[in-house]
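Quick one: structure below, then a few questions.
We call the chains A, B, C, D and E, going by the order they appear; numbering starts again at 1 in every chain.
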Amino acid sequence: MTKYFAAEIGDTAKVLADDPIWLVLIKVVGIFAFLVVMTLFMINWERKVVARMQHRPGPNRVGPNGWLQSLADGLKLAFKEDIRPVLADKWVFFLAPVISCIPAFLAFSVIPLAGEVNMFGEQTALQLVDLPVGVLVVLACSSLGVYGIVLSGWASGSPYPLLGALRSAAQVISYEIAMGLSIVAVIMFTGSMSTGDIVGAQAHTVLGFAPAWFGLLLFPSFAIYVVSMVGETNRAPFDLPEAESELVGGFHTEYSSLKFALFFLAEYVNMVTVSALATTLFLGGYHAPWSGEFMNTGWWGLLWFIIKTLAFLFLFIWLRGTLPRLRYDQFMKLGWKVLVPTSLVWIMAVAVIRTGAIQQLSTAQRLIALGVVVGLVLLVSFLLPDKKVQDTKGVPLAGSGFPVPPLDLAVPKSAPKRKVKVANLPKETAAVTTGKEAE
Amino acid sequence: MSWVLIALLVVPLVGALVVAFLRKDDKKAKLVALAFSLVELVLAVLLWTAYDPGGSRLQLETKVDWIPAFGVQLAFGIDGIALVMIAVIALLIPLVIGAGWTEKLPAGRSQGGYLALILVQESVTVAVFAATDVFLFYVLFEVMLIPMYFLIGGYGGARRQYAAVKFFLYSFLGGLIMLASAIGAYAMASDELGKGTFDWATLVTVVRDADPTTQTWLFLGFFLAFAIKAPLVPFHTWLPDAAAEAPIGVTVIVVGILDKVGTFGMLRYLLPMFPEASKNLAPYILVLAVAGVLYGSLLATGQRDMKRFLAYVSIAHFGFIALGIFAFTSQAGVGSVSYMLNHSISTGMLILVIGMVIARGGSSQISDYGGMSKVAPLLAGMLLISGLTTLSLPGTNSFVSEFLVLIGSFPTQPVATILATVGMVLAALYVLWLYQRMMTGPLRGDALVAAAAGPGAVGDPEKKTAIGDLTKREIAVLAPLVVIVLALGFYPQPVLDVITPTVGATLTEVGVTDPVSVQEGK
Amino acid sequence: MLDPYLPLVLMFALAGAFALFSVTAAPYIGPRRYNKAKLDAYECGIEPSPQPVVGGGRMPVAYYLTAMLFILFDIEMVFLYPFAVAADKLGLFGLVEIVLFVATVGFAYIYVWRRGGLDWN
Amino acid sequence: MNLLVAQAQQIEAPEIHYGAIAPVLIVLGAACISVLLEALLPKHQRWAVQLVLSLLTLVGATGALILYAVSERPEQGVATLAGTVAVDSPSLFLWATLLVLAFGSVLLIADRSVEPGGAFVAQAAIRPGTIQDRAQATKTGMQTEVFPLTLFALGGMMTFVASNDLLTMFIALEVMSLPLYLLCGLARRRRLLSQEAAVKYFLLGAFASAFFLYGVALLYGYAGSVKLSSIAAAAAGTDRSDTLLFAGFGLLVVGLLFKAAVGPFHAWTPDVYQGAPTPVTAFMAACTKVAAFGGILRVITVAFENTQWEWRGVLYGVAVVSMVIGAVLGLTQTDVKRMIAYSSVAHAGFLLIGSIALVPDGEGVSATMFYLLAYGFTTIAAFGIVSLVRNSDGEATHLSQWAGLAKRSPIVAGVFTFLLLALAGIPLTSGFIGKFVVFSAAIEAGLTPLVVIALVASAVAAFFYLRVIVLMYFSDPAPDGPTVSVPGAFTTIAITLGAVVTLVLGLWPTFVLDWAGTGTFLS
Amino acid sequence: MTPTYYLLLSALLFSIGAVGVLVRRNAIVVFMCVELMLNAVNLTLVTFARINGSLDGQVMAFFVMVVAAAEVVVGLAIIMSIFRTRRSASVDDSSLLKY
């Protein structure tokens, strides 16, 4: 292992490499605590900010100025009845909250909270690990989190959770594409996927005053990331999986007590994580907005980091307070037809520009390369007007026969599955046997 | 003069093409087919005159490259044996066409198709005898099956499908095994000469010196094909079915001509190419040959169906031929070859006559006939003549051959010869018994009784008019055969002159010297 | 020198222990007053529509379509990341390759778009 | 990842011989364009445009191939794309074969005269048996995606036969298989059967590619590289564990044999041949076989020639099993498509004989390639004929329905008879020459007993071909038997092409034989 | 940790997948078993990459992932189509095609 990575190990990773085990343990517990506290804080903050936006006081009873409200809610949840529906799949129902919770915490491990600090006499960085594939860890964890959602809906044995889980899964994976693509440009500039290296690459300033944050340099990527991070975390205005008005509670309809609390926790931890990742990737991480030593070393980094992260978290709240929920088709359209193609074109453009800059290409070569990209853009923009071609000759694909709740609320006497069998099978058998007889 | 040989191949094909377009008009088709077959006969006569008995081993050769990658040529040429066989084909085909003039084909079949297939068969069969390239020989050997397959399967009797497939598969399998041997020989040649070839003359020189084991295996490959074709006894079961189900004209071709490819192959390929193996394995083959003679004769005696009877008679005769070939004396060899010719003529005649009988009585069961000489004396006479030549009565053509085989084989294979002689006795038995049952005694069979009772006696006018003595057409068909039977019976020399040098050359290639010096031709 | 992945394992263990503890403890901490209505699937109070034993049977095809699209684009990303890391060193060759690659995926994307694979109704 | 960066510094742009790989590039490029067209054209124009594009592509690729072959081709062939693709004489021969066979297949696929609207369903997404399905049965549209799918499959096949390392081979294998899986499920008639065939083909195909891949992995472990030449070089040294080598070889070969429908790995063949739309069956039977055996030949010759004494016995046995299964089970079939499927299993056995006949001067290779070419044309024409015999339910494939066909349609029966004779290996057909060259190569390689078994197997196999001929000619037609459609121009061309090539190669095989024998694999 | 263990593990996984394909009847489960086999191969490839000290194996694993994904897409499409028709994904129910 040593030999393997020694040559390429990043600065932060080098610092972290000689952490003693007790320090690692402290960091693990610290990060865990940080995330839980952030969750409790976020819930309260969210309620207060939204209340302020709606000209009402918000929670103000429990604790000083109502700031312990979420802790009280959490404790209350623990003493609520734990229900498992009879139709649920026992073990999957049981494990789904766990599956959803673990990756949420895990993803945060690679986020750099601050640069080099001295903890209890050990020189270390305020970051749990700095892996060469750090960004991938975050993406992987967010993908794994989807399993918790899908399995919870599937295992509940109930229609609303199932639909909620499907929507949620579809949503998360759709926006994960956009999110993943938006990161590519950053990696291209850094030449590394280590979060430490990425933050390091944003440490200087450009043009004398502006911080070299990728959020400015690669603004389209940044914008796409921000949009998709909201979609990825199922937050308003993209909170379709939990849309109370449509799906009751979405995938966690059947969950109660601490299991429900775990989903809640996972959601807020995920919010914190994506915000922190946004900070890391696009806003220079723990660096102050200026270069130099002043307020820019050691524990100061933590301050900048938290400020930036909170800014993103505020954005989440702000969005929730101001924007109405999208329709599902609008939402998917935004993801697949706007974010993904824009990302692809942008990445290609970045690749061309960067390669041009590095290779010192001749003008002709640059023009050709640019031409290719422009051609691609044109192709996409010309060929893709979302003109719905009405296939008049086609056959309508309706009447799927899937188990959706009946419109007239009449409860069918027998199971739809059996009914279908009785109604359709003879016909099919007939079709089959005629085929058979013909042979 | 080598164009004659090529013309012999091409003319029937052209004829077949023309006839195939005359499917609508049966009459015209028959006339055209007959015309082409007569042209073929004329060409065969020309070929005979062009052949020089004292000349080289292969004559009138034509060679064109076909697949140079494998040294395969379109190579044709004849020796005495091939000449005789080609001649007999050319002779029999017009007779077959003539004999089948009024034959009824199965519903929905036209004379045009039938005759076209017969002409194709004629061309391919001539080519098989004329091929001097082993690959080409194999190709034709297999291609020969296709028209015959359709002739049996399309125009035959009730179980024609079974018979056709059985015939095809037997021969095809044999051919494939032969192909393996041929490839083996080819591989040997390409080792020896640096470049592979299938040229017969070249292969002979290469393969004859192969080590005994290889030679034995290669020999067995070829032998199996020929043994199936000729039919030797354990491989014969396709023949009775094919003969019984095929229409009469086709039976003539199968029994009279196709089978000869087997014995021809033994002489042309087995002996010169694998002399050592031939000699080593000869005792076993002789066992098969004698078994064939006895088995064929016995079963012929017991047959109730005339066509199956013919098949078993042929099996017996092929036993004789094989005996002559593997006795390794020039007398026996010459006898065998002339037997091949005479068997074609005499059995061909017998089949044609029986065909005429069946055409009248509508049945091929012997028991359906009796006392026929009263109604059709001429027909009865013809049956007697053809029967007598089949049993090799002195004075008929077969006698010369059979006699030569027996006296030629005796010095080397006395036991086999004596056993085979039993076959002669049985032949007399079954032929005469057949004649007796059908032609003499009281009238039997509805049709015959009706015919004897005079016109209008029985309700079925069609059958009644059919019964009668030979028509002029039938006489015209049989007359040449009678002439040939008698002519060759008394003066076989022209044929023997042609055969003897080739047989001698073959035996020289085997490296056998005669125990008794009977070099008639030289 | 610790294995760089060890902290991750520790984090996993902590989070896992916490989550497992929560789900295991939940039934014991809270009250247990079950009745049939509580244990039925929740459908806003009406009697639940019968469901297959586990998992709600089949899902609308559109979701499968989305899943397939996701897989394809995810795989595209799998290739874009190594390229991005090595983009500077790969130079022009890498650029041409990646443009071709994206173009190929783009064709499929256009196809799916035009065929309504991205529409949600 | 960082290690990748380290290695990336050594990466240099590989040299690409565009001339050499132009045919593949044309086919794959056209496939992409075809997808675009599918996206952008209105429905009523698609069929015509796609067809023209596909045919132009095939012609263009063939043109590029000829141009390269006659002008700049080096004697030994070139390895291009960083040595992953070898363009040598066998590659060129197999490419040409694939292109021409694909031409015939595309014509069959495009045909809309025999079945109104073509053999493909208008919208595969509609469930069989529903109202919509009944409605679409009367429509004449077809799923024009079959054209790009065919082109992709063809591109995969072409890459497969030329791939010089196992990873490329694996990718090519999938590129050629995945479209085929889909194509199998698109039949217009008997859609359940067709879908079932697709599922079976897919599951077993994926299973087999997993085996192939595991073999690749083990060989990678053995040789440290998946280049065929490296494996050969590694096998030449003796210090490594042979377990990996032979386990890898075995698994690899299982995957390949599956694709080639050989011997005990043929389980999918009859089902898929029967269930798939007939034009696709033709395409599969002809082109997949060419591709799979092209791959087998290259792998065996380039990577495993040195170790042939270790594995030869196994493949020997496989060939025997394949021939026996094909010949014997073929006897019991009552469906003409299944029958041809079993015949293809038997033929796969014959081809395997040629593949393992490693004669020093490469005759086994050229013989097998010739056989592939001959077999491909015959099969395409045969399936073309099968698609013509129809009743109201679609194709009448049950043998009893073929009774007396010669009376209804003597020409169709005649051509089919000829093709069956070619499959049986009767002289004057290409099938015979193919068998001949393969068997001579095998005998020279010392496989005489195998050849004898093969000959017996071909005799047995001949029986079931004959049975069809017997049925067509000598049986009385069933009263409500099928009719023989008058084929449109496309099917006619395809059948004629197949039949004429079968005849011409039976009479004058020299040109193709010479061409097949011009060179050996680049190693 | 000896790489051999990884090889053994991957062989085991591969075998489990192979047996699963042979004994399971649900098309989707069979399909998942195939995916398991592919992933076992990936493990083998990566292990050998480690043993051989070259990156080829890892790159190959990438390609295998791509192929597996493509297979998933195609396979799901096919299985879905028959699944919707027959309301069952059992391979045994697909029995129109028999000897």
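Operating definition for what follows: contacts are C-beta pairs under 8 Å (C-beta built on N, C-alpha and C of every residue); 3 or more make two chains touch, one makes a residue touch a chain.
Listed by chain with UniProt protein names: A = NADH-quinone oxidoreductase subunit H; B = NADH dehydrogenase subunit M; C = NADH-quinone oxidoreductase subunit A; D = NADH-quinone oxidoreductase subunit N; E = NADH-quinone oxidoreductase subunit K.
A quick note: this is a predicted structure, and the numbers were derived from the prediction, not measured.
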Hey, what chains does subunit B share as contacts with subunit E?
D
Centroid-based (C-alpha) most distant chain relative to subunit C:
B
B-D or C-E - the one linked by more C-beta pairs in contact:
B-D
Taking each chain's centre as its mean C-alpha position, how far apart are subunit B and subunit D in Å?
45
Roughly how far is subunit D from subunit E, going centre to centre by Cα mean, in whole Å?
25
Could you work out how far the Cα centre of subunit A sits from that of subunit D, in whole Å?
46
State, to the nearest whole Å, the distance from the C-alpha centre of subunit C to the C-alpha centre of subunit D.
38
Residues touching two or more other chains, restricted to subunit C: which are they?
58, 61, 67, 74, 82, 85-86, 91-92, 110, 113-114
Residue list for subunit D, restricted to those that touch at least two other chains
1, 3-5, 36, 39-40, 125, 128-129, 192-193
Please output the residue numbers of subunit B that touch at least 2 other chains, ranges allowed.
none
What residues on subunit D touch subunit C, complex-wise?
1, 4-5, 8-9, 11, 13, 32, 35-36, 38-40, 125
In the complex, the residues of subunit D that touch subunit E are 3-4, 7, 124-125, 127-129, 167, 170-171, 174, 178, 181-182, 185, 191-193, 195-200, 202-203, 206-207, 209-211, 213-214, 216-218, 220-221, 224-226, 270-271, 274-275, 329, 332
Contacts from subunit A onto subunit C in the complex sit at residues 1-2, 5, 13, 16-19, 21, 24-25, 27-29, 31-32, 78-89, 94-95, 97-98, 101-102, 104-106, 109, 128-131, 136-137, 154-160, 162, 166, 169-170, 173-174, 176-177, 180-181, 184-185, 187-188, 191-193, 248, 253-254, 257-259, 261-262, 328-329, 332-333, 336-337, 340-341, 344, 347-348, 351-352, 354-355, 358-359, 361, 365, 369, 372-373, 376, 379-380, 383-384, 386, 388-389, 400, 402-403, 405-406, 409, 411-412, 415-417
Under the stated contact criterion, what part of subunit E meets subunit D in this complex?
7, 14, 17-18, 21, 27, 30-31, 34, 37-38, 40-41, 44-45, 47-48, 51-52, 54-58, 60, 63-64, 67, 70-71, 74-75, 77-79, 81-82, 84-86, 91, 94, 96-97, 99
If you look only at subunit D, which of its residues touch subunit B in the complex?
407, 421, 424-428, 432-433, 436-437, 439-440, 443-444, 448, 451-452, 455-456, 458-459, 462-463, 466-467, 469-470, 473-475, 508-510, 513-514, 517
